[in-house]
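Just below sit the structures, each encoded as structure tokens.
Across the two complexes that follow, chain A remains constant while its partner is chain B and subsequently chain C.
For the complex of A and B:
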């Protein structure tokens, strides 16, 4: 933890510091906007790294390092994130802790290079499995730091891969980080099953269907157990809220600001902000959404419903409340957008 | 040692036994870690008394080189077929060789994708018939070691041997491991046998190796 109480730094610098403080030994990466500064910044600090020939090699590099007992990570975006899902699926299958910093950019395809919230589904369910991974979505620089630390700690504690899901606005712009508000945490220890002479045979592919079934069911049990500790959300002024806004990442930061203004006008609006998109804080959401005061649920996001899909999938089907959506794929959502959207739905 | 899951007449167990003998002789069994590609190579996962792990198709090289970077004292062996090495995994293999990553890559060349039914591989020879080249493969085969020879750094070791020459296999593997210990990249390609997909009996299998493969893929030391 730094001596000075506040710093004026970029999100990429925050990520580098968080990864280092989390005990990361090495970064494997391939340059792609908007995460280049994480790779170059990490290398310029003199930390161990390899710039690989593509994101595939970066991802499997992370796997190899982790198999050997190191803490390793990578960072990418969009098309690079797609390639990384190859190794990420292996990490899921082999229960390898794996941390991937994703700076979302506009999609599909090469899209735009700085911002979107369109990599939610890819982060949560991008593999050929059941989506047993942790996905964290920070709303501020302080949280970018603390959730990156948490991603490492949870990944190594529960042995599931983790995504720190952010975007280029967060990574590339300079802002204030308030160190005194960040609680220091102890790092999870590293591990390896492949110590010298252990004679361990670590599978990734199974001959019998029953064998894989057993494996997946054990994984499911472990994931559910971990989920009860890992899933987190923040509620802001939800107690008496007539309108429940749901947003994540920097859209949620806009939402908070809008709520302050709306409350001044007497509009009873509150925010439910999942800080983990997977596992989703289902119980907490159901409680907030089923609150009698809530008349309408609004979901705001920079995609065509990737967050809304998670909310609908996770929400108790007994909860019958009308929904409305503010969806701007790959476009920033500003305070005024949310302010006007809430007012429109408060009639 | 568990019973081999390889087909009768397969070349993999011969190559693996040669590897095992060399590791044993060099006293490196406990330090060795065998990373496996997907394809028939994956069946080697519980065959030798060394640490092993399976990866994805084409991904054993980047996984293994990171393992080596994390644990420089380990003897890191990346074991793959011709497809995993020269097709889907070529980009990573090429750059690992170029960067002189101190790992040993073992390539089993049987001229086809054996696990999936004998389809055309980068090593399929001109005129060879496979399920995806039913009229005979129209192109020339890919010579991985000969291409890598021109891009590796001094000190690297590249060789090709065949599974019907135990003495040569053991000599080349030993040199490859010594190369890794000296901090350089090494690769040994093994001309192997696949009677199941070649549709050959015992004598014809060896004949295919000697008369069809060896004239096309020259055995011997190629670099180092």
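For the complex of A and C:
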């Protein structure tokens, strides 16, 4: 970590420091806004890198480096992220610790270049598998650092691929990071290297359906076991909340500030913020949502229901609470938006 | 304390330079600041914005709807910030300040530096930071470039407004 107590740096610079501190050896990537500064910054620092011809090559580059025992990662966005899902799914199938930093931009397709929250489903379930990956959604620069470190550690510890799901606002914001508030962690060791000349069959394709079935079921067992340790969420003023607001990433930062103002007005509102979207912290959410004081659940996000879909899928079906949604695909959700939305739903 | 400034103009007018100088000075003053740029695909000519927030407490969300101060540096900047032009927002318009530069025989390219001068005055009055520290950073960035004398005068004019 840094020697200074605080720095004034961009989100992209925070990511670079975190990847380096996590022990990352090499970055493979193809530039795309808003993650260009991660690639260019990493290269400018003189760290090992390979700018490939496209994101498909970058993704398989990461897989190859990981197989060779290196801590490798990539960063991308929108259409680049779509291409990376090919290699990411292979990492899922082969149990490779693959770390991908995603800076969400507007979609579909090339969309806009700065901001959105429309890559939630792609991050969580983008491959032709069962979504056995970890997806972290930081809400501040401090957390951008700590969750990047955690993504590397969890990926290498449990051998599942991990997405650090950010957006262009977070990566392009220059802000104050306070190192004293961030707990330093030990890095997970890298994968055991294959010795030169070793002949190991490490398949991503199976001949018999039964064989793959067995493999997926083992993977599922391992994923469930890991999920109980990996799934995390933050609750903010939920104990007496009449309204439970659910938001992730930078929208949750906006929600927190709105809650401070709403509480001053006597509105009993609290926040449930999944810091991992996959695995989702189901038990903790069910407990918060089933709290007797909660009369309504509001989901706020910069997409048309990608977070809400996860919440509904994960929530205990016996919890019967009315829902309302604030959905602004590709648009930032400002403090005033959440403030007014909560007031409207507090009647 | 929370002070929100929205800078709006065209790419190439030096909006991001303004934000960079102000935010670095505020950071040195041990306060919290966020600066988030917003522009399209164009390198030049498109709208360019920067949302600056200054606080004595950590700042969560970097964007805002209602600034305390809106600096409009071009017609496109005005168009792009229609939703931010709300009652109670102090707005500084480029037409008036371009007129001042013209009277002083200073090129309109120094408009951003004039606004840095105005910001230096405002931030000093609010006891956020000192104008001298802003000027030091400005000189470091522009001192060796062409038109420094004009820029220096533009800063002084802005500071005196």
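Rule of thumb we're sticking to: the second predicted complex is superposed on the first by the 343 of 347 C-alpha atoms of A that agree within 3 Å, B and C clash if a C-alpha of one lies under 4 Å from a C-alpha of the other, contacts with A are read in each partner's own complex, and residues count from 1 in each chain.
Simple rule for what comes next: a contact is a pair of C-beta atoms (placed from the backbone, for glycine too) under 8 Å apart; a residue touches a chain by one contact, two chains touch by 3 or more.
Fair warning: this is a prediction, and the values are worked out from it, not measured in the lab.
Aligning the two structures on chain A places chain B and chain C side by side, free of any clash.
Residue contacts after overlaying the shared chain place A:72 against chain B, while chain C stays out of touching range. Contacts of A:26 after superposition: chain B is touched, whereas chain C is not reached.
Once chain A of one complex is fitted onto chain A of the other, the partner contacts of A:87 are limited to chain B, with no touch recorded for chain C. Of the two partner chains placed around the shared chain by superposition, chain C is the only one that A:140 touches, whereas chain B remains out of contact. A simple residue count on chain A separates chain B from chain C, and the partner touching more is B. In the superposition on chain A, A:204 makes contact with chain B only, while chain C stays out of contact range.
Within the superposed three-chain model, A:305 lies out of touch with both chain B and chain C [touch as defined at top]. Vertex at the C-alpha centre of chain A, arms toward the centres of chain B and chain C: the angle is 110 degrees, rounded to a multiple of 10. In the superposition on chain A, contact of A:54 is made with chain B only, not with chain C. For the pair chain B and chain C, the least inter-chain C-alpha distance in the overlaid model is 27 Å.
Interface of chain A with chain C (complex): residues 8, 113-114, 139-140, 169, 172-176, 178, 250, 253-254, 256-257, 332, 334-337. Contact residues on chain C toward chain A in their complex (touch as defined above): 20, 23-24, 27, 32-38, 40-41, 58-66.
Against chain A, in their complex, chain B makes its touches with residues 5, 29-31, 33, 35, 38, 42, 45-46, 49-56, 59, 62-71, 73-74, 91-92, 94-95. Those residues of chain A whose C-beta lies close enough to touch chain B in the complex are 25-26, 28, 48, 50, 52-54, 56-58, 60-65, 67-70, 72, 86-87, 90, 94, 194, 196-205, 207.
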